[in-house]
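Read through the structure below, which is laid out as structure tokens, and then see the notes.
Chain nomenclature is as follows: A, B, C and D, assigned in order of appearance, with residue numbering initiated at 1 for each chain independently.
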Amino acid sequence: MKRPSLAVNIAGIHLKNPVMPASGTFGYGEEYAPYLDLERIGAIVTKGLSLRPKAGNPTPRIAETISGMLNAIGLQNVGIDDFIKFKLPFLREVNTPVIVNFFGNTLDEYGEVAARLADLPEVAGLELNISCPNVKQGGIVFGTDPKAAAEVVSLVRSRSKKPLIVKLTPNVTDITVIARAVEEAGADALCCINTITGMAVDIKTRKARLANKTGGLSGPAIRPIAVRMVHQVVQAVKIPVIGVGGIVRPADALEFLIVGASAVQVGTANFVDPAAMLSIIEGIEQFCIEEGIGDIGELIGSLQL
Amino acid sequence: MKNFKTIVLSNQEISSGYYRMRILAPGFGKVGKPGQFIMFRVQTSLPPLLRRPFGIFRTGFLPADCEGQPPKEYLEILYKVVGRGTTIMSGLHEGDRVEVLGPLGRGFDLGAAGNDKILVGGGIGLVPLYMLAQELVKSSRVRLLIGGKRRDDIIMVTEFERLGVNTHIATEDGSLGEEGFVTRVLERKLQKYPQAEVFACGPMPMLEAVQRLCAAENVPLQVSLEALMACGVGACLGCVVKGAGHSEQNPQYLCTCKEGPVFRAERLDWSKLTDEEGTCEGCKS
Amino acid sequence: MKRPSLAVNIAGIHLKNPVMPASGTFGYGEEYAPYLDLERIGAIVTKGLSLRPKAGNPTPRIAETISGMLNAIGLQNVGIDDFIKFKLPFLREVNTPVIVNFFGNTLDEYGEVAARLADLPEVAGLELNISCPNVKQGGIVFGTDPKAAAEVVSLVRSRSKKPLIVKLTPNVTDITVIARAVEEAGADALCCINTITGMAVDIKTRKARLANKTGGLSGPAIRPIAVRMVHQVVQAVKIPVIGVGGIVRPADALEFLIVGASAVQVGTANFVDPAAMLSIIEGIEQFCIEEGIGDIGELIGSLQL
Amino acid sequence: MKNFKTIVLSNQEISSGYYRMRILAPGFGKVGKPGQFIMFRVQTSLPPLLRRPFGIFRTGFLPADCEGQPPKEYLEILYKVVGRGTTIMSGLHEGDRVEVLGPLGRGFDLGAAGNDKILVGGGIGLVPLYMLAQELVKSSRVRLLIGGKRRDDIIMVTEFERLGVNTHIATEDGSLGEEGFVTRVLERKLQKYPQAEVFACGPMPMLEAVQRLCAAENVPLQVSLEALMACGVGACLGCVVKGAGHSEQNPQYLCTCKEGPVFRAERLDWSKLTDEEGTCEGCKS
């Protein structure tokens, strides 16, 4: 039997398969190199970068919950300069497209980072994070207001010609409103969802289990919410959508593809199993073979109504 | 450093609430260093979601059972049942399928041969010190100071003594050894052996006391830290501690999983190590 | 040792302890009577009622997810007349306050139902559902728009003097905005959260696992989100807040009380263990004893900052 | 009707993928009726979240092992491994702690004594028919028509025969008994015994075919249905099926858990029973 084609094209980025890590769960790629062949995954997505290095939040920063985890890392990152100097050389040698996730603390900073990334040949595309719940100034306000979201996307669009993926927050009343605003402002693709704001309490100490009190919930617990939002967004826009949220097994990824995601990202599952993405890729391939699907495109958006 | 699916060889309660698990681990002994750890997971069981970090207690070989076959290598962990994950672990049996990611992190630096070595372990903190002692006894005199709340918390003494390590026990309730904190013992030893090097692992208040004593006496100290971990490989940034010279402007966060779990004491910011409060520019929610 | 006092007062309703079922998971009370003593729980909360009987949604209506479940029951209920005729007589004999959850398909209907319930002595309080994600007309639009929410609350307030609890939806950008609007319009207490809209797909048939496609996610999976929202709402309003979402064990209920909920509701857990509320009450009592808490009031809102 | 925490007495694979579990259940035999079911859960294991419904296969007493002690009562379920919950169940052992809610729902009405009784069971659908047959054989001739895809799906034949039940087997692939659908056998039997009463349990297409045949011959039929269930007690309204005369204006939803799982065929709306599409006023999302 001929192997099915899993290749997809997102915003002009050619991916050999639709599976990539979710930003912030895969470091800068090299951390996982000992555990899986980085050339087998669809793309590498970096930890969110900012103009200057960022310290992140005080500890504790993570807390396990039922079928999920809360994190309030606070977007700790090495900053754009150190990324280019110390992280990019490693990624250059890997034959897999690199998508750089980034954010700014101000509108200007968003533009600035985009401009700095605009001419790097190693960077296949940008993923604009307007949705991190742990950083207020540079994050959530942009992601929850359609006008602000459109503004930052327009600005970034004007500073870089790279394929532009915009990552949306689920912490909104109607994600399709933001999705459409961002599409109109020039996004080439969307990525949903980021984490959902949550909180957990240590009943003995009566303190929040995160120093930041609230954090972003990720993992299998949120999958039904993510699938619903991806389904809604796919109906609302014409640009491709990358689905993310709680994917652990191949079947989870397939749910997202079936509702119309053109690709998927795997986040928390990397912590559980560093080779999770490989199993997912193999599982998708297997499913295509079993179902007689020759090209993954036939599967994408095949939801029966 | 790899992730491998394997099986439990044995899993026994060695003291009330303390278990010793032997796991089949071909090739592990060649790569694992004293002070390194693994991320452990029960195969096919989703809860708990995240892996659990455990120090490598020791590695070894099973007696070969048939001619020609290479002897089987194993690794051992020692763990205390404290929550959901360790409770599930305590119910595992021979043959149960588990997954091990490791060896991970930076282990102990063995220091100068010949110098007196003082190991300080509180409770389950003895774990990473065993393989360290195995190495150190080859060229130094090794003393182990063991602390714990009660008699039940004092484990593995004979194992260390068999290596030729000199052991001293202190329990808070006096039910075994001397009564009081193990740091009182350390204080005396430091007076006696000013050339010593110290290696410590245990609860944070103990480590802080050890650090103060060693700093006062100008004695080199390495500590093995615990931190909440999601990935174990430096990717999630969940396990950071503050490094020396840390400030908001000049953040010096160190990953416990990758740059630790063993740190030279002077690399850490002891004033803020356990300060959970803090604030950060963007996030004062 | 003296037994701690677990009694709380919500909007003038005296509860012997702060644990009650969540609407829609406990039928009309009698369904669970064989399995737990209804006089041991703080209150009984009925399935959501409407003016006329409601058929509900086509099947399948439920789907299990990881640590949660989706439901799209569609508010099937016997209607106010049959409730009074056939369900209330049973409840009259139980010495536990009855809170009637209700909704309308139109603004007028909300007022009408409230008026019908206004004079029934067996009804201790009303729980106004402006948040069911499965009924569009009569639900979600009211719950996501502060103006509409205030309007329906004012109307209901004018038609009934009963203690009025308003149940909020989590499917909003900022739940405190709705909470404040509803408080101002005359609510005596708030209840958060209702279910979070989600979706699951059967990858073999490529159909949504619910006939209604999307449904409400409940169960342990959503608890961190519910705790966060209750925490936010408690800070934002002065009226008492009832916490609900994913409570299974005593420790879960304690999290809500510590962040400031004056009482809690147990939903999906009733399905898992019909006596779950009793274990939770006992666990709360045990915790108070261990922590030397004489009155549950000392625990409520005791979160350390 | 109660919820009790108990233990597994045995759990054996009786055919490929089919298990029989015996559960300690004091007092259960006195209350359970043919056709009722239980909601089953493994104690302390959260996943799967919801309980699983299983028909009561039979109840019985263990031989008393010491003088004076009353014999221990048990209940048995038979289940097929199909998903997450049943996979976990298949790994249970003697002594494992489980929880049983039941007996639940309405069972079979035994019908008129003396009339021929025809039982139709597809695959695991035999389960609720066993206790029914136990009762029916007391006063009627009982025939059991067993259908399945393959030989492996035909279980418990000897158990039924031991009761004095006349059995007929049909498999779709012909690997056991007659080749084809069991409804072909039913068609012949209905010709032969026009006074019969029929009791059926199995997959929906089979039940629909049985209903058509019985309706055509005017033979009384009771069916036992399966539906997705969350509570099992009539509280969640997740398990409804459409009753005869159902319409949007005049909804006639019946709870499978409470008003079923056994229904007289005429109570159901067969045209829409498996129609999953539908719409409802408020919810056309």
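By our rule, a residue touches a chain if its C-beta (ideal position, glycine included) is under 8 Å from a C-beta of that chain, and two chains touch if they have at least 3 such contacts.
Chain identities (UniProt): A, C = Dihydroorotate dehydrogenase; B, D = Dihydroorotate dehydrogenase B (NAD(+)), electron transfer subunit.
This is a predicted model, so every value here is computed, not measured.
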Graph distance between chain B and chain C (Dihydroorotate dehydrogenase), where chains that touch are linked: 2
Distance between the centres, which are taken as Cα means, of chain B and chain A (Dihydroorotate dehydrogenase), whole angstrom: 35
Inter-centroid spacing, chain D versus chain A (Dihydroorotate dehydrogenase) (mean Cα positions, whole Å): 47
Junction residues of chain D, two or more chains touched: 46-47
Two or more partner chains touched - positions in chain A (Dihydroorotate dehydrogenase): 66-68, 213-214, 220
Category of the chain touch graph - line, ring, star, complete, other: ring
Which pairs of chains touch, using the document's own definition: A-B, A-C, B-D, C-D
Complex interface listing, chain D residues touching chain C (Dihydroorotate dehydrogenase): 1-3, 41, 46-51, 99, 101, 227-241, 248, 251, 253, 258, 275-285
Chain C (Dihydroorotate dehydrogenase) contact footprint on chain A (Dihydroorotate dehydrogenase) (complex, rising order): 65-68, 70, 144, 171-174, 196-201, 203, 205-208, 213-214, 217, 220-225, 227-228, 231, 246, 251, 254-255, 258-259, 287, 302-304
Touching residues on chain C (Dihydroorotate dehydrogenase), where the partner in the complex is chain D: 24-27, 31-32, 34-35, 47, 53-64, 66-69, 71-76, 105, 134-139, 211-214, 219-220, 248, 268, 270-275
Chain D - residues contacting chain B, complex: 46-47
